[in-house]
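One chain, chain A, links the two complexes that follow: it is found with chain B in the first and with chain C in the second.
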Partner chain A sequence: MKKISFWILLLLSLLLIGIPFFALILTSVSVGWQWPNLLPDSLSFRSWDYVLRGSSGTWRAIGISLLIAFIVTIVNIVLAVPAANALVRYRIKGKWLAEAILFAPIIIPPFVSVMGIHLTFLRLGLTETVLGVVLAHLSPTLPYMVRALITSYSTLSVDWEDQARMLGAGPFQRFYAVVLPHLLPGIAAGASLSILISLSQYLITFIIGSGQVVTLPVLLFPFISGGDPAVASAYSILFAGMAILALLGMDLSLKSYYRRKKSVSVNGRGAGNDEGTSFRPN
Partner chain B sequence: MWQKSKPYLLLLPATGTIVLLFFGGLFDGLLKSMGYFPAIGEVGFSFDAYTDLWNSSSFWSSLGLTFRVAFLSSIISGLLGGVLAISLFMLHNSGKNKGAGLWHRVFQLPLTIPHLVGAYVIVLLFMQSGLFSKLFASMGLIDTISDFPVLVNDPFGWGIILTYAWKEAPFVSLMVYPVLMRIHGSWRDASRVFGANNRQFIREIALPVMMPSWTIAVFIVFVFTFSAFEVPFLLGVTYPNMLSVHSYQLYTSGTLADRPEALAINLVLSGLTVILGLIVYYFSKRWNVLKGWQ
Partner chain C sequence: MKELRLDQIEKTYSKTAANKTESFGLRSIDLTIREGEFFSLLGPSGCGKTTLLKLAAGLLEPDSGKVWYGNSDLTATPPEARRFSMVFQQPLLFPHMTVADNTAFGLKMQKVGKKERLEKAEAMLDGVGLKGFYHRFPDELSGGQQQRVALARALVANPRVLLMDEPFSALDPGLREEMRELLGRIQKELGVTILFVTHDRDEAFELSDRIGIMRDGRLLQVGAGTELYEKPVSTEIAAFLGIKNIILGNIGEGRFVSADGAITMDVKNGEPEGERFLILRPEALQVADGNIQVPGDAIRIKGHVLKVKFLQGFYTAIVQAGNHELECQLFRGQSEQLEAGQQVEVFFSQCDVRFVME
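Now for the complex of A and B:
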């Protein structure tokens, strides 16, 4: 049985991961790949040269994508921390309503709302601006941040804050020294999702940015809908790589934070509740 | 007073943002779908856009296509994801935990790939002159490019279905695997004592255990595919197209007269996803899927 499941996994990984990545990488360095040939006629880094060095505006697009994702994530954290706090720790009348409002953008596709608000944004001068795009990215990302922080708050006992209060810590000290370290894994998980979702938005960025706010998906779209396959593949790899690197960076910085924590505190367990997503096994 | 209103004040920034930006947009869209648009001097209300929609054959064919694509995508990704989760689980059970953990991480990779890239991968692999076509040709299975079936930009929606089947299979597996991992090793031993082989163990224990969360995962994929835009926009055809694409094409077609109809499609689409979402929510609560059992 071990053998069978191993072979099934190998086959699936080839089918789901190996072949797709192989196709992208090979196409990105191919020149004139004629039909029945299983391999390209010749290889060149022409497309990579165009994407990374030419006047293609790739770096600017990456910069704008990351800037928008970063601002969106910061705003999400600021909005979600108090909201999660209230939802977990207080008795609230109409809690279901607050939750329904906060989680609605997960169910209802955000482009519906964006198309509706488009003309109003136009009148307010928010279209074609980074600010407008940031505002448009908030509703599809905020629910995930709230969700991640709710998980964090529900494992944080009020007693710990009371202890800190008895030892004379003020509200800001309590938040900084007790609450924040405990929330960090949740913030990191929420931030990862928020960055990932913001980076991969095409339609709502395109509608609100009107093609003037050129994020990486907006830049690469014309290529993958019928442009040069080599350039399109190079952009695709870059786009996928940017998302994966952003996630890895988040993961690594969190790990290094705990490593530093561990070396200074005696009780180095920290707040290591791993809630990447609440579905992730331990 | 402060103590009483404090939680509501804490909630206000987040809910206010969503109400303003998200529900504001929905409401704005609703008004404009009914022809209320003071900026261009339209202040009357009418249901013309909705009656037009009801009588338009392109709307119904879009709706049909949307249901078909969402159904097939979710079923295929569900089957792939289920096999994936069970294989991971059996590998885990048969000893080396490290190996299974590594495999599990590897299969999360497609989840992080943006949908646009996923769609393009399907183009490269499945278009008529794509990699699989080249592979079949060099094996002598097909002679000309046109022997390979049209699977990308096809009226049936196979390209879209293939993309989601591929992208969401790891998601289904990610939802199901933790539930399987709760099956105690002792259950496996007990089943062996009663003479069950691996296949019986999977059929009698693993499958029933994973069924509720599997169903919910498949349903989530369905709801998601139902309203997705990017992949059908890239891999679909002009007619018939999925609802989201149909709406976008009406909205950007240039004439202001089509915009109420586009927004009406959006609201119908939202209404359907809300109903589907509530069904998912109801059953996931009832089956206690997200918490599992103790």
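Now for the complex of A and C:
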């Protein structure tokens, strides 16, 4: 019985995940695939040829997408660690307001804030720059990082740091030896979301970058709306591959960090830190 | 002498956000812990003993007063620079480090080389009975073993003072006793100065050279265990140490008369007059039967037995005399001759009597 339900589950997930991909792959190599044909009449690698080679700028776009996502995530970590620390541990007046502002981008559509940001960035000369796009990407991604780290911090009793203190550890050593290992699962959860959300930003990148900062979604969108489904499909596959590779890379580096720390037990203690973070497809 | 001295320490704070009105404070605490001494702070939970410990550690800052170690003023020194160690109620072993790395953590912070610090850590782990556990991770150890590692970790850095905050209260009773023994032995071996916080009387009495009894943010009495037990300065302390025979009365014209008139006795010359409490330890009070020679100068009280209790190895009789229920320790065999309702005479010797004002 258990075996059967396992196979059913496997089949179902293969269908759910596999079929769309299969369709994408098929579309990307088709020429003039029209209703009511079940399969395309003829195959061609025209779209892949366009996407991967020539002057399409795909590789550059992937590079910029990853660069932006990477910087955004680093900045998020740097901002979110002290923010989560303060929100969990200190009794501050108006804490709810700080939290509301931090989490507002989850609820308020990015379009609303981006118009104001755009105007400000125009004055500051930040539009059309990678820096501007990075700054603009912070607002939809930071809430997830803060959220993940708040969960991590709330499971870290101050006693741990007090204990390290009593053994002679200064502030930096306490953070490195006690706090960081505990936060790491939370940082990983937050970073995954941060990377994914940053990679999939179209609107913000398009408006702030004004078409000059070309990330993969910026390349991809015109083909979706412009009616070349083959190229759009090829880009979509590429996009998915990029996101998966980015996450895999992060996962691997995390695992190698743990191996270096000789740790087998952190998983047991720190797991479950990503509870409470929910992925919002963007 | 390198002693730890708390000088006029005061600290007030409101307990939690939930009950803001209830503020809590330590009132002007003076305390000296001598070098190599095992000193316990004993008191019920919420009496401020842990707060006092954290003030000594530097984890809390006093509102006023100073913390001295020898001739140096540590009040403004952060805890990591005081070279004190602390063992908490929970083992608090760093989960991502092996037992040996955990133990060597303090030495690592002191920038001791890797080889040397691991050698010292392993030697200390051997000392607490964890030979061969060096490369395990904390979650592979039992609670008692974890607390042993915590103890080894605190000791290996050669602390000037070891602070312990109810370190054994989370353990099973049997294990607790074992740990007590271990701690007592190690303390004598290493000669380390220990400030120990507990609410467990037996623990404090077994381990300590001196004990400070705390209540409601005040240090009531400091002294060796026997001194506290035999010469409590107040009924509060007597009651906390489990002495139930506390009798209100009056001293006048060389005699003590209890409020209900049931107990009267001559008092020593020079005992000041006025309202007093008479404190009688249960083992100083004996039931007179045919087999016991009652000394001539003993004070006798008549009463009847309410009940006979058995408690871990000894019998106690509750004897009603006047309005008082007196607890009275029995000798072997006496318990069988006594039953509830029986008229008895109990007696105690003049020198076992203690009078206090409050």
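Criterion: the second predicted complex is superposed on the first by the 241 of 282 C-alpha atoms of A that agree within 3 Å, B and C clash if a C-alpha of one lies under 4 Å from a C-alpha of the other, contacts with A are read in each partner's own complex, and residues count from 1 in each chain.
To be clear about the criterion, a residue touches a chain if its C-beta (ideal position, glycine included) is under 8 Å from a C-beta of that chain, and two chains touch if they have at least 3 such contacts.
No experiment lies behind these values; they were computed from the predicted model shown.
*Asks:* Of the partners chain B and chain C, which touch A:Tyr144 in the superposed model: first, second, both, neither?
*Replies:* A:Tyr144: touches no partner chain.
*Asks:* On the A-aligned overlay, A:Ile101 touches which partner chain: chain B = first, chain C = second, or both, or neither?
*Replies:* Touch partner of A:Ile101: chain B, not chain C.
*Asks:* Determine, for the superposed model, which of the two partners chain B and chain C contacts more residues of chain A.
*Replies:* B
*Asks:* Looking at A:Ala164, would you say it contacts chain B, chain C, both, or neither? Reply first, second, both or neither.
*Replies:* It touches chain C, and chain B stays clear.
*Asks:* Would you sort A:Leu24 into first (chain B), second (chain C), both or neither based on which partner it touches?
*Replies:* After superposing on A, A:Leu24 lies in contact with chain B but is clear of chain C.
*Asks:* Check the residue A:Trp48 against both partner chains and state whether it touches chain B (first), chain C (second), both, or neither.
*Replies:* It touches nothing on chain B or chain C.
*Asks:* Thinking of the overlay built on chain A, is A:Tyr153 touched by chain B (first), by chain C (second), by both, or by neither?
*Replies:* neither
*Asks:* Go through the superposed model and pick first if A:Tyr202 touches only chain B, second if only chain C, both, or neither.
*Replies:* A:Tyr202 sits against chain B, while chain C stays out of touch.
*Asks:* Same chain A residues contacting chain B and chain C, which ones?
*Replies:* Dual-contact residues (chain A): 91.
*Asks:* Which of the residues in chain C end up touching chain A in this complex?
*Replies:* 17, 57, 59, 78-81, 83-86, 88, 90, 92, 94-96, 98, 105-106, 109-110, 137-140, 153-154, 157, 163
*Asks:* Which part of chain A faces chain B closely enough to touch in the complex?
*Replies:* Residues of chain A touching chain B: 1-2, 4-6, 8-9, 12-13, 16-17, 19-20, 23-24, 27, 35-38, 78-80, 82-83, 85-87, 89-92, 98, 101-102, 104-117, 119-120, 123, 135-136, 138-139, 142, 146, 196, 199-200, 202-203, 217, 220-221, 224-225, 229, 232-233, 236, 239-240, 243-244, 247, 277-281.
*Asks:* Over in the complex, which chain A residues touch chain C? Could you list them?
*Replies:* 91, 159-160, 162-170, 173, 177-178, 181, 261-266, 268-270
*Asks:* Please name which positions on chain B make contact with chain A in the complex.
*Replies:* 6-8, 10-11, 13-15, 17-19, 21-30, 32, 37, 39, 80, 83-84, 86-88, 90-91, 94-95, 103-104, 106-107, 109-110, 112-117, 119-121, 123-125, 129, 131, 133-135, 137-138, 145, 166, 169-170, 174-175, 177-178, 181, 198, 223, 227-230, 233-234, 244, 247-248, 251, 262-263, 266-267, 269-270, 273-274, 277, 290
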